[in-house]
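Next up: the structures, one after another.
Both complexes below contain subunit A, partnered by subunit B and then by subunit C.
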Partner chain A sequence: MGNGWHGKVLRVNLTDKSCTVEPLNMEWAAAFIGGRGLASKYLTSEVDATVDPFSSENKMILATGPLTGTYGAANGRYMVVTKSPLTGTIACSNSGGYFPCELKYAGYDLVIIEGKAESPVYLKIKNGEAELADAGHLWGKTTAETEDAIRAEFHGDAKVACIGPAGESLVRYACIVNDKHRAAGRSGVGAVMGSKNLKAVAVRGTGGVATADNAAFRAAARDTLKMLRQHPVTSEGLPALGTAVLVNIINQSGALPTRNSQCGTFDKAEEISGERLAQTFLKRNKGCMGCVIACGRVTRLADPRFSGAGEGPEYETLWSLGAACGVSDLAAIVHANYLCDEYGMDTITMGSTVACAMELYERGLLGDADTGMPLKFGDADAMVRLVEMTGKGEGFGVRAGLGSYRLAESCGAPELSMSVKKQEFPAYDGRAIQGMGLEYATSNRGACHVRGYLVSPEILGVPEKLDPEAVAGKAVWAKAFQDVTAVVDSAGVCLFTTFGIGIPQVTRLFNAATGFGYSDEQMMEIGDRIYTLERLFNLKAGIDPSQDTLPKRILEEPLPDGPLKGAVSHLPEMLSEYYDVRGWEKGIPTAAKVKSLGLA
Partner chain B sequence: MVFLQIYGTLRMMLGGRESVELPCYEGDTVGSLLERFQAEERIAVTHKLIDDRRMLHTGTIILLNRRNILHLDKLETPVRDGDVLALFPPGAGG
Partner chain C sequence: MQKLIRIEPSKCIGCKSCEMACSFRHRGEFAPSKSRIINEVFMEEAQFITVTCMQCNDPWCMKACPKGAIEKDMASGIVTVDEMKCVGCRTCVSACPFGMIRYLDETGKADKCNLCGPDFPECVAFCPTHCLQYSEEDLPLREKVLRFARTMKDGQGEV
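Now for the complex of A and B:
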């Protein structure tokens, strides 16, 4: 086709074991770009919003964007879109590494997986040819073992995305791990894959991605790369210390949710910081394919108790398995992070669930008879043990595998789950960063930081500094960030580029690749369209606006410490402004809005 | 005395040093403290935080007693004995 998209969809029916190729709906591609947006359009058109996420009626779509696999920014991303078993909302999880580009180079824009296999299978794709293979011998293997085994039997250079034992046993926050250490992490997309008896997708692709106007694309890419190489965040901050540099920044700002969000600062933050990681276990940085930022961390454990090597932990994981649990033992956190990769579990929900279990235990709502061990804040051994038990589906790990909301609810205290729509917060306290509280409440996949990262203006001062305590105007910022993110996720670009570039650069790359002539405003409207489409699916799924809220702790319990001591979230004030800005009446998109976005 | 806490790439430049104490005088500001810091270290450090027009880089975070100076008087913010100044060169994550 020669314009960013290949124009091909691979449809895999696991029930009847068929693999067929169909043309990409180009009208939809023009309206939803690709990746997150386009896959959401297919999913919402083909799947009844009320289906059980684990039923064969649910589908999962692996989606690249028109810029995936091109050079020019950090364009190695793909998305997994499905209905989430954790939240019941639409889920879109995003990953980088090498698998996404390989999938694109194999000739497909989207892979739609439907039905359910009778016994474990994996999908083999090689340059436009696809077939299902038996995976009985892979069932039970960790993600790294699975990848090694598939490469040995299929193709030595194949790129693999797979689930671990947690996905097989339907841990509700199981992820899909690709290239051994990158993950489509959140919302339980790996559990949906497990419910379909699909162990892995292995791809060998050696084609390229053609662009509509090569000279224009080269010029756009050159200018974009120059901006990324010049911006202090993308040229130095992220490459040098990765995301882990945030531990001290967020802690000093009083926004590091500690001991299940009981506090906003952790007195041992320095011990789990990026600076400490750099002095201890960090070996080097590493990038996803073709990325000039290279924010990834290659680490090796050298500790009498633990051994091993891998990637990470990232900031979110240092927090979730660390400060959230009151744990300051860095080696234990690195080890538990490796375990999450091996078993295939989202580290954010895993750590938050351990933290919630610790509070339930300390309050006497869980006892030794439930947990099989003492479970107190600060106990690194207990944290590691519970991660292991969850990954293996042993003992109390089975209950932990439900996520913090279902666990706390079963103990009669759902308010102790630090989550929105049953998905746990990431590493920012909504009392200390007001806009993030709004963002969590309105994110279409439950609490999430990568749907609209207002930490960037509110704390980091990028692109400009906003006051984290202020409420006025945050709704406008939240909508803008959410819409930009939807565009970036749909194009196949890494969100981290937006620290250094903006919509004008993404639009320029997109137009040069596709031959389209969209304005920045049209791209932002596409973002709004995607966000509203996701919202409409959630409403049909029964997720009503009353769920656009935050836990009582964040709304009513004043922060007890730090520079913003005494703060609570002012969500109600921001939320009504947000609905107005979106054109939603009491949280429901108006008929006029739906029509104006072409979603009627 | 003013206590400077050093983070990120600045700490790496200074061989892993986490903090520095500097004397503080009448009329001192965040800007004058940064100049004194550089003079004492005898290597260029302030360019990690500010540009040659004395503007903070996009993404630089300087907290005075845990308050971002961008919400105070920026580099002109007065500094007093016993204050804690945390210095973060531009960094980010998610």
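Now for the complex of A and C:
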């Protein structure tokens, strides 16, 4: 029998149309687990950090973890790792649903995609067999249309991950959508897929995943379930309202970045809240495979202007297409969220880019001649229109498809892009939650909330309550959260379970599945190793420590409203402490540190 | 008293934990394709439907079996395949109108839900929302009746 991993890598070369199977490097698996860590090891070993992300030299890795496809901690997750066309850093985007498990059941730990196809193709995987098929007839189709078409012609039970028109036209924040409504969302992984002329990966897997010690694994999973069913966040907050439970909480904390981060509260937050969504368009809750939480929101839009169905919006989307744009029209936000899924675009960067464009317009840095329409904060119709134009690659949408940084830079005001390393913030103001500011500045894929979610201690009080205004000690917390997240992302576990379980439980599941005997400390060291490996790639890619910063607005303009009125980010103080905690000399991992992590 | 797996679809979240638990318990690996209980996800209609063998009182599979390899225990109500007698002819697979008995390549025998024999059903143990329950009485149905009755009550004016 097996032990979590299959020990198999599928390598697909799009240039010469070959699909080969090779053994997984188990030495690397032991040091980097799987998923994010292991794929990062393969990517950084095989791809020169300086390559153009859209060139055929860039590779894209779909990676499951040793726990993907098992039960216990919502283990229905996979990672897409590549070099990002948005940030130029390493990109790793996570998604859940059914596709990740199906890939595992088909018998592969990783799928490495390299080269570039001459014309559109899609990858068909049926258990041990893989082949490339023509995708000329799918090009231009939306993600849902693509999935339906592939199911009809390949296999009725196939699970599909694909790009939409945005990925084809290289929108720099195009995502890869699986199971129609789940996305490996951030950093433009879908654009890399588009640049390779790869429309979709379709999988039918009827095999299984074996664990080393079934009895121990079952016992660990039972305990995990019990913990998740008891913790208020995973048993009440997320099931009841999904991630959208945060809209009111974060707004009340004065940390909801509103109108392109000009304010920290949104006076109409109630209208776009999880509570309002539950009263209006929510049909039911949904889990990914193996999930106990079910934060997924199955929604139906019944509004005189819009109709449709899908999943979401998530909290980040309610914020980005809502508060960030000053928009409180919930139906319009839900509709725009569906459009992003259909065209295949990251909702966070999409909404933030609309918000940035609105500020550029209001400041006169963009005019009607540029945009083709008025773009003012609060204009829901304009927001929807711009999302549609971006997805279709029409008019001003082409410029919006570059992301907020490149757009603002082209208007001579890059400081109006609320981003780090050219990737936009998610829905927390770094002035109101100091640790999150540090997290954005040091995240290896640019601003991000799922690399070290300090909102959990700073606002939610999990695992313990920290003062969001405090600076001292935040560096230690940031490193710890980042390292835990790297482990979780590598094991194939859902990050949301970490509200209810900690590293000891993840380690227990991991050891029972793999037959390893790692200690919690060894697991945390693996997290540090993965984080440092990503950092080294970014440094080689030319992303120097001077980019570990925040926009001028967050560092210098005091928050004008809310309970934390007057606050700015104290990043410089936290950053030097952070480098010390990491063992990085002025942001560069020391030779001793690199050696101690086995990365030399 | 006979017990059954009761299914309340409105509580299902489409997580397929039941399929994972079943295959891990009976096949020793996580392989939903080999699960005896099936959780179907109908995204367009937002419906998640779980089906498994309901241990018929007069089982088609049992009647069809030419080898007498399928038995119904009258005390527990469980319909079981005797692997010693089963020759893998698949007649039962054709006979079951619900598709709830299948032929397994790896054993060469028919395979169906036996409510985990003497143990508590594993799918129920791992169902995170109690969409699945193991009970003697038809409790979920009773709940539905009560919900309907309460609605009626709420609609009544003062007498």
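Rule of thumb we're sticking to: the second predicted complex is superposed on the first by the 599 of 600 C-alpha atoms of A that agree within 3 Å, B and C clash if a C-alpha of one lies under 4 Å from a C-alpha of the other, contacts with A are read in each partner's own complex, and residues count from 1 in each chain.
Assume contacts are C-beta pairs under 8 Å (C-beta built on N, C-alpha and C of every residue); 3 or more make two chains touch, one makes a residue touch a chain.
Remember, it's a predicted structure, so these values are computed and weren't measured experimentally.
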{"item": "Partner chain(s) touched by A:L330 [first = subunit B, second = subunit C, both, neither]", "value": "neither"}
{"item": "Which of subunit B and subunit C A:L571 touches, first, second, both or neither", "value": "neither"}
{"item": "Subunit B-touching residues of subunit A, taken from the complex the two chains share", "value": "231-233, 236-238, 240-246, 248-249, 252-254, 270, 274-275, 278-279, 295, 314-316, 449-450, 453, 455-456, 459-465, 467, 495-496, 499, 562-563"}
{"item": "Residues of subunit B that touch subunit A when the two form their complex", "value": "5, 7-9, 11-12, 16, 18, 56-61, 63, 65-68, 70-71, 86, 88-94"}
{"item": "Parts of subunit A lying in touch with subunit C, wherever the complex brings them together", "value": "1-2, 69-71, 76, 98, 101, 105, 179-181, 205-211, 214, 218, 221-222, 225, 228-229, 283-292, 294, 296, 298, 300, 309"}
{"item": "Contact footprint of subunit A on subunit C as seen in their complex", "value": "13-17, 20-21, 23-24, 27-34, 41, 43-44, 46, 48, 125-126, 128-129"}
